[in-house]
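My questions all concern the structure below.
Chains: A, B, C, D, E, F and G, in written order; residue numbering restarts at 1 for each.
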Amino acid sequence: MELTFFDLLSALIVLVLGIIVAKVLIGIFKNGLQKTDLPELIVEFLSKFILALLYVAVLLATVSMLGSDISSVIVGLSAVIGLILGFGMQDTLTNIAAGIWIATLRPFDKGEFLVVNGFSGSVHEVGIMATELLTPDNKLITIPSKLVWGSPIVNATRMPTRRVDVDVGVSYDTKLEDALQVAIELMKENAMVLAEPAPAVVTTALADSSVNLQLRAWTNTEDYWGVKGALTNGILKAYKEEGIGIPFPQLDVHLEKE
Amino acid sequence: MELTFFDLLSALIVLVLGIIVAKVLIGIFKNGLQKTDLPELIVEFLSKFILALLYVAVLLATVSMLGSDISSVIVGLSAVIGLILGFGMQDTLTNIAAGIWIATLRPFDKGEFLVVNGFSGSVHEVGIMATELLTPDNKLITIPSKLVWGSPIVNATRMPTRRVDVDVGVSYDTKLEDALQVAIELMKENAMVLAEPAPAVVTTALADSSVNLQLRAWTNTEDYWGVKGALTNGILKAYKEEGIGIPFPQLDVHLEKE
Amino acid sequence: MELTFFDLLSALIVLVLGIIVAKVLIGIFKNGLQKTDLPELIVEFLSKFILALLYVAVLLATVSMLGSDISSVIVGLSAVIGLILGFGMQDTLTNIAAGIWIATLRPFDKGEFLVVNGFSGSVHEVGIMATELLTPDNKLITIPSKLVWGSPIVNATRMPTRRVDVDVGVSYDTKLEDALQVAIELMKENAMVLAEPAPAVVTTALADSSVNLQLRAWTNTEDYWGVKGALTNGILKAYKEEGIGIPFPQLDVHLEKE
Amino acid sequence: MELTFFDLLSALIVLVLGIIVAKVLIGIFKNGLQKTDLPELIVEFLSKFILALLYVAVLLATVSMLGSDISSVIVGLSAVIGLILGFGMQDTLTNIAAGIWIATLRPFDKGEFLVVNGFSGSVHEVGIMATELLTPDNKLITIPSKLVWGSPIVNATRMPTRRVDVDVGVSYDTKLEDALQVAIELMKENAMVLAEPAPAVVTTALADSSVNLQLRAWTNTEDYWGVKGALTNGILKAYKEEGIGIPFPQLDVHLEKE
Amino acid sequence: MELTFFDLLSALIVLVLGIIVAKVLIGIFKNGLQKTDLPELIVEFLSKFILALLYVAVLLATVSMLGSDISSVIVGLSAVIGLILGFGMQDTLTNIAAGIWIATLRPFDKGEFLVVNGFSGSVHEVGIMATELLTPDNKLITIPSKLVWGSPIVNATRMPTRRVDVDVGVSYDTKLEDALQVAIELMKENAMVLAEPAPAVVTTALADSSVNLQLRAWTNTEDYWGVKGALTNGILKAYKEEGIGIPFPQLDVHLEKE
Amino acid sequence: MELTFFDLLSALIVLVLGIIVAKVLIGIFKNGLQKTDLPELIVEFLSKFILALLYVAVLLATVSMLGSDISSVIVGLSAVIGLILGFGMQDTLTNIAAGIWIATLRPFDKGEFLVVNGFSGSVHEVGIMATELLTPDNKLITIPSKLVWGSPIVNATRMPTRRVDVDVGVSYDTKLEDALQVAIELMKENAMVLAEPAPAVVTTALADSSVNLQLRAWTNTEDYWGVKGALTNGILKAYKEEGIGIPFPQLDVHLEKE
Amino acid sequence: MELTFFDLLSALIVLVLGIIVAKVLIGIFKNGLQKTDLPELIVEFLSKFILALLYVAVLLATVSMLGSDISSVIVGLSAVIGLILGFGMQDTLTNIAAGIWIATLRPFDKGEFLVVNGFSGSVHEVGIMATELLTPDNKLITIPSKLVWGSPIVNATRMPTRRVDVDVGVSYDTKLEDALQVAIELMKENAMVLAEPAPAVVTTALADSSVNLQLRAWTNTEDYWGVKGALTNGILKAYKEEGIGIPFPQLDVHLEKE
């Protein structure tokens, strides 16, 4: 390791030039960031972080000029930085990958109504890092992409038609045929209910206090809530008129006076 | 490290040529992407990402032309990139692997009815990245492959026959033999119920307010819902006619006036 | 790095030959895959993936012919590919390892009745990647091996004998000795109940409205459901005949008129 | 490995100088830390940790002066340190990355009302490591950034308008049209309720004991709680005046004296 | 890279010999496996997997004979194989390590009664990969070692004595001293209840409808179930005889006729 | 590899000296540990562990003296040790990092009242590895730092003022204005209730059996429990005096005698 | 690669000597293990595992004698073994680290009463790998250290004093001052209740059917259960004597005959 004067000189030049270049670069970088609306805190943090990396690089180049073999240091540093970056950016990268897949496969588009991660709302914005939903009462929900793409996505408005389900319980005294008949008529009379597939009524359970029925009517997706409201109010009115009882909870009491 | 003029020249050529080639390549890549229906946002993002990688490669080649040994830099960079790519693409790769296994083992085919991850629906589309289900009321559910292949998959229509189970409770006063008899007859009279395996009725519990029975009738899978509906409505009617009571909740009250 | 004409020539030959060999290999591979019943989508995907890997290998060989040292590139590429493959195939490998252990330790065999991961059914198929169960009502459940081997496996039919438990509550007025006596007799009279271990009745709780008893009768595993049904129906009938009450929920009401 | 006197001398110099420099550096570092309000415990801990690292570096430099090749030791140490730092700082780095994304995407700003991770409150402080919420009853909640950015974020005050939902149940005897009419009037009379979108009343369920209605009125976000209170008290008063009953739980009792 | 005829020859010999040795080795391996009762499927799978590894080794040796430096390839391959094996065998290794610790620390022995992972039963078999439990009704439960050693293990029969707890509620009218006295006597009269520690009765809660008592009697572990049954039946009988009421749920009803 | 006598001699010297140094070092280390109150078990364990590491280092140095190149062994060993240490110390490092952040950001100080991880108590001790809480009934809870910093931290006493919320339900017959008026007066009369922000009463729900009100009074944090108790007892007394009913659960019974 | 006869000879010697040394070492190791009470199964397993490792080392040494450069093989093998060991021993190492921290920080000592991981009991044994608890009814619970140190640890007997809380509900008719007075007296009369902090009674809720009170009395930790029992029985007796009612669930029934 005999150092010539020339070696020392060139190392010094590399060092000085490197620091100047690093400062200039970081100045440009900082300027650029400050034009965005990122908070000052973040700008400072990122600038210092990158400046530190640049200084390390300059130092290595200087030492290398003095004739040392820095290859093992480079490999070592890379392993450390790689692991730290890898762990630190894991979530970010997963979000980006999920965002790209959502944009590519389009399980939902702006304006469609979703249920995802237990939250429901219409899509307000599809971004790479996150998706924004608006609940029906106008709360804004921001869901990171990896959560969206990490759970089943229910799209309620993608298909052109939907089936409207209305649950109602009738008393065990009711003649079942009548109850079914009234419900079918109600659905057939509604102009927004499609003729095909035909509306139907099914007995979903022989429950404790009532025979549970479900009205099933197909409709265009944009008419869904209209039909839902009309059928709910309609079946209540129709059963009242026909004298078909919607029963309260029932209890058989065996009384023993003491 | 004595640099000849020739070294400098060839390095310059490599640099200039490299940049040109990188720009051309990225142009072609971008053109190709824009013909797909990927959103502009994604196209820009991917192009810039790959362009950055190409520039790094060009820079390394140039430095190498100047006689530096860049092998440690390559190993180091590879470790960093490998870790970042590995972490970032972990979900994507898991999805692809799961998708390939689903396509290979075929635990379900298009049109079959599934319960998976707590969601149920008929299969609308089997893809590598995700599976699409349609719920009976026509909501579209997109489930990433790793979720599908990461939980038990219940296929309700794969087997040619199914057993229909209908639950009904009879009062403790009922003569149990009669209740069983009526239920068996009902099932035998139904044309869609298979003779073999023979329909059966079992007592599932001596519950609080009722003796709980379960009718079990075998049928062809396509007749499942028809039989289910017929038996539910049928057993209600049959028990009414036979005077077999389906009891409301029962309560023994010991009254103490004060 | 002085390149001779011979170097260039041999590099060219390697490049051309490599591409040809790669194409031939991928053709054979693709042909083989298409004879299986894998979907076209998967065949295309795998072929392109492997072709890309082969081209990279050919490129490296060509560059190596030109005298470059590609060892660091190989190490770097291996790290990247290893991490990506490792992450991507993690689930697959875990499934295979679990499948091998299941096949080796045989916690269940075809036809046995399991409860695993909250699902129950008889074993339809034991594979390396997944196990298939058939529910009693004939739904097919596919459970990936790592889920099977990642949770306790309850095998209900492995042992030659089983104990049948039937729960019944008797009223607080009942003379407990009588209730126990009747239950023991019932079990002893049943031909499918084993004499040894002897049937027993235990008081499981002094509950709110009843004294809870449990009949415990040993039987051969294949008679399990027969005994279960016979004892449930039998104890109901026997208690009715003996006048031992199975009480409804009880409530002491202190009435205060206003 | 023939060591000259000069080698030994320079190694000694490096060792002594290194220790002095390390002590000076750590003194400066410690002074700096003590000016912050970090607890003494933390300052001591960090100083000792960094001092140990510096001593290792000095030792390596000394050994290197003696002519040994320490490159493999450097690579090895880097792997160990990288893995330990990587694992140890994983949470910290994830928090920082999440904090940067929150500051960049601004799913909430200071003063807005959030529901996140099951906690709700108005934003008191947005930091890189954590977000502080103030509950309405003035408890301070500190949520690490990775938890905030790792779950859906519900922002209740981001949109300029909100929909106020008030639930009320009316008896099955009520004429539904009257109940709807009264509710609509109530909302229209309220000055803070917006005319567009128009207020509405929907039947949400035919429940056990009541027909459940929901009043839906749009308002400016800052009027939300005022409107909510006014409508709740208002609908109670209005229904009382109109004789529309808000029913208690209902029960049909079938009495059997014994 | 000048190849002599001798190099080519020795490479060829290595190749041919290698293939032969690999085939012989795999034959022996396969024979050995087929003598175990492993399914044919697994034997085939493992043989092919190991054969592939041997061929790769032979290929590398051949190429090495031709003078190429294959060290980077070996390092690269090792990284890939290490990561894949590491990920694939993670569960297996965790199970083995857990199995060794269970065998070493012996938190349970064959025949003892456990509650672990929410399942309870007596230990049927302790293996390295899994533990087998037998439920009291004779279902066989196989629990992988890592699940056993990854949750608290409750051993109900390890200690020579156990405390039997019997819960009973007495009415608020009861004179508490009498109820306690009767219970203590009952326990003292039981021959299987140990005198030391003395039996005790504690008031566990002033509940809605009853004062809840708990009888606590110490016994030898093998007498546990005998004492439990005797005390449960005994306290019911004793309280009946003493006229101490075990109350039904109580309700104060304020009646308002309309 | 020609070994001179000198090589052998120096290797021997390194070996002997190394062992002596290792023994001396471990003796000092052990002495130091024994002065702390660490259990003997731990001291033995750590001493043996470090002694083993030192012996490995001595062995490597000896082999190196004999002229072997041990660089690959060092890299290999480092990878193994790094991975093992990394995995083994992951929890410890995460705890330390979390502890440092807690000490730095101070989401709580000694004596403040927290709810964290579902446990609540006043802070007894803030350490780097764990935080100690004292529950109000004086149980000591030790929570590892990573659990504290891995969940939202609710600090109930950080802010100088708190809002006291008292829930009370009034009957549907009550004139709502009166009930609100009485509650407001009660709060205004309490000297510990702040005038600004003014106390308020809101209707939180039109519940099944009552109109649910919430009294909201601001107070200094140290007066919180005093105000809470005074308002709870006070509103009960005030409503009794004013004849405003706090209703029991209500039930409408439709009686059908049989 | 010209091999001399001497090379072959020394390789052969290394091979033979290595095998002998390996066999001797494994014999000693096995002997040592068999003196412990480890099951034969485990001894065999560990011996074979370590023998295999030794053979690999011998093989490498032999090949190295033949002049091959085995450094890349060592690095490769180390990576593979490191990853496998790292993954396989992850749980073990985490347990050890947790055990050391528990022994160092002593969140509990032998004999203290804990609630941890949802299980409670007095500490029976504190080990490095696991902690043993004894439930009050004498079940032995073994909890691996990483579970103990991975959740909050509640130590109920660490502090010298404890607060006893007894919950009791009084009827809405009661004069609250009287009920409080009686409870305070009761506590003051108990000799084991400390005078400072003074006993107190707080109103915890205005519940559906009762005003819920909580008696809070401080006591020495060893008197805890005595005080708890005395106060529970005492308050019941005192309220009976004073005519203060502990109410049953209340219900207002509005009767409508049909």
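Here, a residue touches a chain if its C-beta (ideal position, glycine included) is under 8 Å from a C-beta of that chain, and two chains touch if they have at least 3 such contacts.
Just so we're on the same page, UniProt names per chain: A, B, C, D, E, F, G = Mechanosensitive ion channel family protein.
Being a predicted model, the structure only gives us computed values, none of them experimental.
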{"item": "Touching chain B and also chain D, the following chains", "value": "A"}
{"item": "Chain-contact steps, minimal, separating chain E from chain A", "value": "3"}
{"item": "Chain B and chain F, separation of their C-alpha mean positions in angstrom", "value": "38"}
{"item": "Length of the line joining the C-alpha centres of chain E and chain F, rounded to whole Å", "value": "30"}
{"item": "Mean-CA-position distance for chain E and chain C (Å)", "value": "17"}
{"item": "Shared-contact residues (touching 2 or more other chains) in chain C", "value": "71-72, 75, 77, 79, 81-83, 86-87, 89-90, 209, 248-257"}
{"item": "Neighbour-by-neighbour ring order, given that chain C leads and chain E comes next", "value": "C, E, G, F, D, A, B"}
{"item": "Of all residues in chain F, those that touch chain G in their complex", "value": "38-39, 41-42, 45-46, 69, 71-73, 75-77, 79-84, 86-92, 95, 117-119, 127, 129-130, 134-144, 147, 167-169, 209, 229, 232-233, 235-237, 246-257"}
{"item": "Residue ranges of chain A touching chain B (in the complex, touch as defined)", "value": "70-72, 74-75, 77-79, 81-83, 85-87, 89-90, 93-94, 96-98, 100-101, 103-105, 107, 128, 146, 149-156, 158-159, 161-165, 172, 176, 202-203, 206, 208-209, 211, 216, 249-258"}
